[in-house]
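In what comes next, chain A is part of two complexes: it sits with chain B in the first one and with chain C in the second one.
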Partner chain A sequence: MTKNKILGHLEKYVVTYLFIALSVLFIVVSGLDINYVASQLLLRLNRNAFIVLALIIPIIAGMGINFAITIGAMAAQIGLLLTINWGVTGVAGILLAAAITLPLGAFFGFLIGKLLNKMKGQETIGSLILGYFANGAYQLLFLFIFGNIIPLNSNVTIVGASGVQNTLNLTGSVKLYTAVDSIARIPFLTAMYIFAGVLAGAAVVQFVRKKISGPRLAATLILAAVIAGIFMVPAVAAVFNGTHGREIRLPLVTWILILLLCLFNSTIMRTRLGQKFRAVGQSQTVANASGINVDRTRVIAIMISTVLAGFGQILFMQSDGIGTFQTYAAHEQVGLYAGAAILVGGASIDRATNLQALVGTFLFHSLFITAQSAASVMFGDSAVGEYFRAFLSYGVIAVALIMYAWRSAKQKRAQQISLDEGTHESAAEKEA
Partner chain B sequence: MLASEFVLEMNNISKVYGLNTVLKDVTLKIRPGEIHALLGENGAGKSTLMNVLFGMPVIHSTGGFQGEIIFDGQKVNIASPMDAMSKGIGMVHQEFMLIPGFSVTDNIKLNREISKPWVISRVLGRDMELLDRDAMAKDARRAMDSVGLGIEEYAMVSGLPVGHMQFIEIAREIDKSGMKLLVFDEPTAVLTESEAQQLLSVMKEIASKGIAIIFITHRLDEVMNAADNITILRDGMRVMTLKSSETTPEKLASLMIGRGDEMSIHVEKSSSRQIGDTVMKIRNLKVAMPGEVDRGIDLNVRKGEILGIGGLAGQGKIGIPNGIMGLYEASGDVEFEGKKLELGNTAAALRAGLAMVSEDRRGMGLLMDQSIEDNIAFTAMQVHGDFLTGFLGQKNSRAIRKYAEEMIKELDIRCTSPTQTVGTLSGGNQQKVCVARALALKPRFLFVSEPTRGIDIGAKQLVLETLVRLNEEMGMTIVMVSSELQEMRSICDRIAIVAEGKVVDVLKVDASDVAYGLAMSGVKSKEGEGA
Partner chain C sequence: MSEKKQQKRNRLIPILLLVTALLLLLTAAGGYYLRGTGEVTEGLEDMRDNAVLHAASVGLIDNIAQSARAEKLKELRADKDFRKRGLDEVNGICDAAMMEARAEAEKLYSNPKVEDSDALRAAILKLEEMLAVSGTLQESEHNVFSDIYVSLVESVADWKAVAGENVTDEQVLSNLKKASPELQSEASSHLLPGFLRMARDMAAKQAQEEEEELKNQMLSLLSSEIVDWSAYSGLTGDALWDKLTADIPELKENTAYKNDILAKAGEHILAAEKGETLSTPAGKEEGAVVLNDVQADYAYFTPTEELLRLQEENETAYDGLLQQLKAIIPDLSTLSNKLQATLRTNVEKVVWFEDSDFSSRYTLYAGHGAEQVLGAIGWKIKLAAMAKSLLLAGIAVLLLGLVMFFWTELTRRFGVPRTIIALFFVYLCLLAEQYNISVRMMMGNVLERMTMYGILVLAMMPGIQCGIGLNMGMTIGCISGLLGIVLSLQFNMTGFGALIFACVSGGLVSLPLGWAYSKLLNRMKGNEMTISTYVGFSFVSLMCIGWMLLPFNNPKIIWLLSGRGLRVTHSLLGSFAHLLDNALSFSIFGIKVPTGGLLFLGVCCLMMWLFSRTRTGIAMTAVGSNPRFAEASGINVNHMRTIGTVLSTVIAAVGIVIYSQAFGYAQLYTAPRQLGFIASSAILIGGATVSKAKVSHVLLGVFLFEGVLVFGQQIANSVVAGGGLSEVMRIMISNGIILYALTQSGGGRRD
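== the complex of A and B ==
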């Protein structure tokens, strides 16, 4: 029984363990400085975690991986373009971009949801193709409509021609670069101590309010202590506190937003709406029979996801180390990388959690960062690393889809057998 | 005026699908607190009547129905299943409407959750209210107690035995306030004997609280045990409504079947036919065909006979040929001509001399875009390597054409030429192409599954005559699986009746309607030779 459980666990998280093993291997092989890897990894998490978390609700609502978050990213880029055009800077600019993204993303999400309702069972591939299709419409908008029909300032249009410039700059006088990240930065170690403290505090509060049991409280407290303890070990602390390389700091507001999204995801699942998402995700027939408006529920799930992805894209654009973005390409890989990341974290086409999204982003990008260096050490050619990245993203998605199909076929058979045996007993009973 | 005597009156309900009259002037009246059994063969109109009651989209989209429904003393117009639900009509489904990944509580309270408002929900509406799981569990507990279900409120449905699920469904219906009428659709089909007993007593208890129950089943002993009144439908008409205390299972059975003297099809059989010893021995055959599961078929087929296999839909009769031919996963022992047959290997079954005309002409039988001749030759080419020429094994078009033309003449396939695509033929002619293709394999043993489904009466006659001729002239053993009892009675030598995945009885064609009716509801009569 326990052996089966372990096997079942391994089967479910095979991709995750594979990534852990590869990450460790690559870090060792590449010989990269651990301080560099850690700082890069944190940077990637700052940028990507929000978008990956935006995928969770559609997965729970049974719509698979919403690759159409690409369209949410497009909405965000429209918002950023207009913000730059109007010259709104800093936090106000980010808020304006978000305010534009909200209705646009909701509207696009509504259309995507309507369309996906017409192709039930094919949502994953449908949303992927929809992302490509929308790219065409986006180009029309940015190359022709903006500048010609909707007038723009000359600082964002192509000089001597029509359409929006190839790259848009967020630095300099635009003042959108790191507008959120740089509000407050605290040392990574301090952040970890605060995190451990909050974790322990929350557990105690929940225990006092009798929401969690004694053993659960103890486990959480031990976990908090371990987290705090690990970062107190001088060798570990040295990686982060600047004794060895640069000091690693964490953008506080960005992370508050990420944690708020986690809280949003888990809270919505405790509401009536969340119960509808889960019911629709597990069985549309049953949900429908009990009076849930299945199509409407699915549209809402996609709308939320699209808007959140748009917010995520704004956070991505403003984050450390970006500065400019490719007007016509920045959104292209958003869906692919986010989808691959959440699958690496152990999510599947029909199951996903906050933790899986965060762990997945962490693992996926740790391989991303190290692949290139590891490849140049192993093969003497860093270009191999580039190929390897693309191979990884598509490979992970393919494996996840195959595993899902395989598991559901197995489940179906198991159900058939249990049905058979169920009635078999009845026959035996009759004879007795 | 006094409150109405009946909670539900369905008066003179008629329903037409296209040119097909499926309900004709049916009247059903149910008193509060009574258990009213609804009996009838497949196609008798039970489900259509219930679809009308629940306002299913299939009724409205096909032109509605005639007649009136009076519920709780008022003439009502039921627009949708949701509408029926809100009026107090509930349904306990035959296929469980439960979400396996949800707890028992979440299932019972699905879309009727108890929730508490908070800041956000005051702004964004009721959808954002937080679930009150404690209150929900309390409600669920109460409902489960009233059906005698002693499991934990937070148990996952997926891990529960099948029998429990039926009770969860009932608990969910009971938990709905204002429930006045409950429909039980074949509720005991998947239950063990003791669970079925428990279910019947739960039904009686519910009824004693004043809720009326419509009980659809084919198990006559349960009807006699639980029902107060019984309505029998046949061919879309109400045959009779009677008190269960004034009837017997035998009488019910003959009322359900009863049309022995009005056979529409008659096929002559010669008297010189030779029926030999057992040619196929089926032992403990289990087939996992969805909707037609077999749970241990034992059956002997004699050489040279035409054996009918009958039974109600979903009981497993169609699973038998599909399992033996390897189209669905199967286990058990099947011996053909003394040799054990490898189950799950269609090619091997075909090579052994078996062939099958499938009930699913479009899905399994024919390549609709291909010509008649290619369809006829296809399987024989693949299995036996017939109709091939040269050392590379190219298609021998001339041989195929010759054989196809023979078959077209022989079976009277109405077509413009052997190259006409099969998709453009009528249903009856498509069926003949299926038969021709099976014959191209030169089988010694032929399964035909629902051979007359969806074809007109003239074509039916021809198909049946063809089967008899193949049997007589070529000595081919034929097993015909069909829902049309009368057709089987006109051409078969014996008829096996399948219920709940097992052969209940093997009957002579001239056995009484009572015997057939009983066998279909799983009861063996004295007339049969036994399974």
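== the complex of A and C ==
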């Protein structure tokens, strides 16, 4: 690697490295038990990874961070409310909620896409404010339309007033709590061994099919061996296998769903639709010239993202440790936390990968867990940690936006210079 | 050809609407005509007589039903199977008995026979007259009392100094007169004893609160100063006290809390022996501050002699009526004293009530089942009662028809959102009239809120003019202003000095911040709105940590338990709450005009207008509306943007000070986060775009936005119980208008 390349890499991932450093510092300072941190972290990954992954397609299609995924979450919450209302329990209930979310999310996504097409270049702020606006509509629906115009059972409405209750229980007879998570749980260590095995197996298969080269195969095999090896070290294994604290187990079905979404994200990019996303994201003018219906492609990207975010919200709501459905607040921070997480992973306003999303979720939440304890050690006040977390979320997004704007301004300047050197005619063409 | 057809069809609906409006208005006119006829007036009086009787009998029937229920319950309790029965069963039996008794009583008393209806009518009219006179007088006296009460609470910071234990009554009174000049007038001298009691009570309450706080502070010292409690193990009583006071000298001066402190120390020791530590509830003190306006407490009200005399006359008039009623329903005399009092309020409510008009009287009487007495002329009275609603509906349809008829012209001149919101505002006014909500009072509220938000909205203007669009990062200025306010509180400043100090220091802090912020935005052309939003959000969160850690130490503004960190809500009562609004304030048509605030807003707007006429102002506006042209004509674009951004930030700093004085409270932490959105939506409603804004947009916008909110809130509250609807409306209007502005500016990035 040349020096320039390293510098470029550092510039691109400066936020990520900062977060890694801060995470390590906070874990050390907070003095929290490593077993506790690991289990909490895994819990939050289970919950949030899906929603964060739902942000990728609009980013590639050049629409920035889709903060309107809150609207997908709202669609999911409508689905969940109806499921609870009709008394459908367990996996069937989750499937029903997802079945309601699909058309609702697609419809909402269609509307969002149409609107965002009218504010090209301002999608990030537009989707944020659209989320706020939709929150108003959501409250109107849940406070005044449900229970009055659309009849609901008395177990979800407020007795003696209009609207849906503030919190709905997912445990007890509702039986939606951990409906997906608890289908199968395997020990974390086993899961890691399986993961290493699958990685190695896939690499061998790809090599046999001559899709990857020899050195690449070797590198992947070594990586798999390292992963398996790390978790065989007794000291590391002790963190997870219950020697210290509780044994950490992994909800298998949830993770299969998350990995399926990763697969979906990477497969769709190889289809014609995915090529369109990429083309539109790189340059709308070029895409338009090559016969792609730009507006339609963007609408489809947002529709997929909204529906996926809805599914993600269902997974979030059923996951371990939630148990209640905060009717009027559960969706509010979805966009903020997901957006911050993917940016922490090194994604930018116009580039994102599955790995960045997963790493980002991991890092963001590792700080989230430790910030409070670290702050109470450093400042003697846990409330500082609370505010620090909010600052991190907003600050990360602000920094990412600033860096993106900076970079594109620099590029534009570079273009301008090269244009100035070229003929005036081509410059005029570019302007038009 | 087809276009013409299209146009014809477009005109069809408005014309239909106009015809409907005409019909409605004609019917309304008919209703108003009927109101004047003797037949209808007489009918309404008949209804009242009947309603009074009904009101009287209702209490009696309730009483009978309740006593039947109690009787049944007693009977059941005496039964030896009582314990075997479930609660639901017992309730069921009792309710059945109650219903039975009620049905019987209703048969007896619902349609009492009136022997001498003229005497009843005379007694009712007499009582009505008396109630009207005394009610009006009482209201005006209450208003005088309430004004003085509120001004006292707002201007007195330290009640202990005004009316502490060692202040004589004369001194208290002279202190009060100083605090509220209105008390000096002869007309309010009868109120003095009441206010004396109030001042004493306030002082006592304050002393008690301070003592409580001091005690909590001492208790929190225990957990913050002493880490290792195991050293105290085994100590109790005086031995423990001696060791504690040796370790924490502050405790020595507060022997009054010795017992509490010893008890708390005991808990600590016990926990330490088990190997635990008591959790410190630090930072959990926020909230619980009710942000309502100061309400007068009428327990301290003293009526004038005139009012007392009138009230006595009321008594005789009521007695006269009661005699009549008893003649008709003899069983009324069996009611207990408490029920007699209820009876009186019930009857008086029917006989006379405030702001009564034809339709509200009709609704009330009809509610008392008095419709049946009317017979054949029933429809006439009903029509007369509905006249107002019909008139309002007629106007509403007429306006809708007109707006639709002239849609193209209107939207071309005012833009779609402004037209819709203006129409919506007029509709809200009509609805307010329909629900008998006082439009005048709400206009007063709108004026008050205009002074509150006006300057903040004005802060958006230079931002838009200089080309950074909607300056969502104005929160940076707001926080500087809040810092100014907190500084003024830290130094215990009061009055105009505090207000001016807060404005100036806030403005000074905002200068470098605004400058740095503008430098950032100058590098981010085309993305300002997104970035300013998140920079603003980040700054608010960063300052949340700042508010916690800044070294403020005035016990009035910091959290007591942890001994540091600013509180969330700071009451400005006694500092500069409502100071500007109350200056030169006067009442006209029952509307309280916040003259000082309006004048200040006016002066600021004028200065802004003058500035936009200067050479710099014109250059700045050019940069905003057409940056390329501006650059081509030799204007330093970045320089102009810097001026505009800094100006916007400084105005926001002053704006939040004015906002807080009008609100009466300063709110820190996350409270300022959404202010940028509110200000943006207001100026957009006024007709500004993301690249053009004028002073008129600011004033019209803040009036329409606040008008819609105030009216909407009141009406939503009377339509649907619970306050959710108005909040929903606020969210949707304020974000919807920003979305609309974005779609108008969108379709291509401005470079």
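What we mean here is this: the second predicted complex is superposed on the first by the 414 of 432 C-alpha atoms of A that agree within 3 Å, B and C clash if a C-alpha of one lies under 4 Å from a C-alpha of the other, contacts with A are read in each partner's own complex, and residues count from 1 in each chain.
We adopt the following convention: a contact is a pair of C-beta atoms (placed from the backbone, for glycine too) under 8 Å apart; a residue touches a chain by one contact, two chains touch by 3 or more.
Source: prediction; values computed, not measured.
In the superposition on chain A, A:L140 makes contact with chain C only, while chain B stays out of contact range.
In the superposition on chain A, A:K276 makes contact with chain B only, while chain C stays out of contact range. Of the two partner chains placed by the overlay, neither chain B nor chain C lies in contact with A:L263. Of the two partner chains, neither chain B nor chain C is touched by A:I186. The wider contact with chain A, measured as residues touched, comes from C rather than the other of chain B and chain C.
Residues of chain A touching chain B in their complex: 267-268, 270-273, 275-276, 278-279, 282-283, 285-287, 289-292, 413, 416-420, 422-427, 429-430. Contact residues of chain C toward chain A in the complex are 282-283, 520, 523-527, 529-531, 533-535, 537-538, 540-542, 544-545, 548-549, 562, 565, 669-670, 677, 720-722, 724-725, 727-732, 735-736, 738-739, 742-743, 745-749.
Of all residues in chain A, those touching chain C in their complex are 115, 118-122, 124-126, 128-130, 132-133, 135-137, 139-140, 143-144, 161-163, 379, 381-384, 387-388, 390-391, 393-395, 397-398, 401-402, 405-406, 409. The residues of chain B lying in touch with chain A in their complex are 81-82, 85, 93, 97-102, 106, 110-113, 115, 121, 126-131, 161-163, 190-195, 286, 288, 290, 293, 295-296, 500-502.
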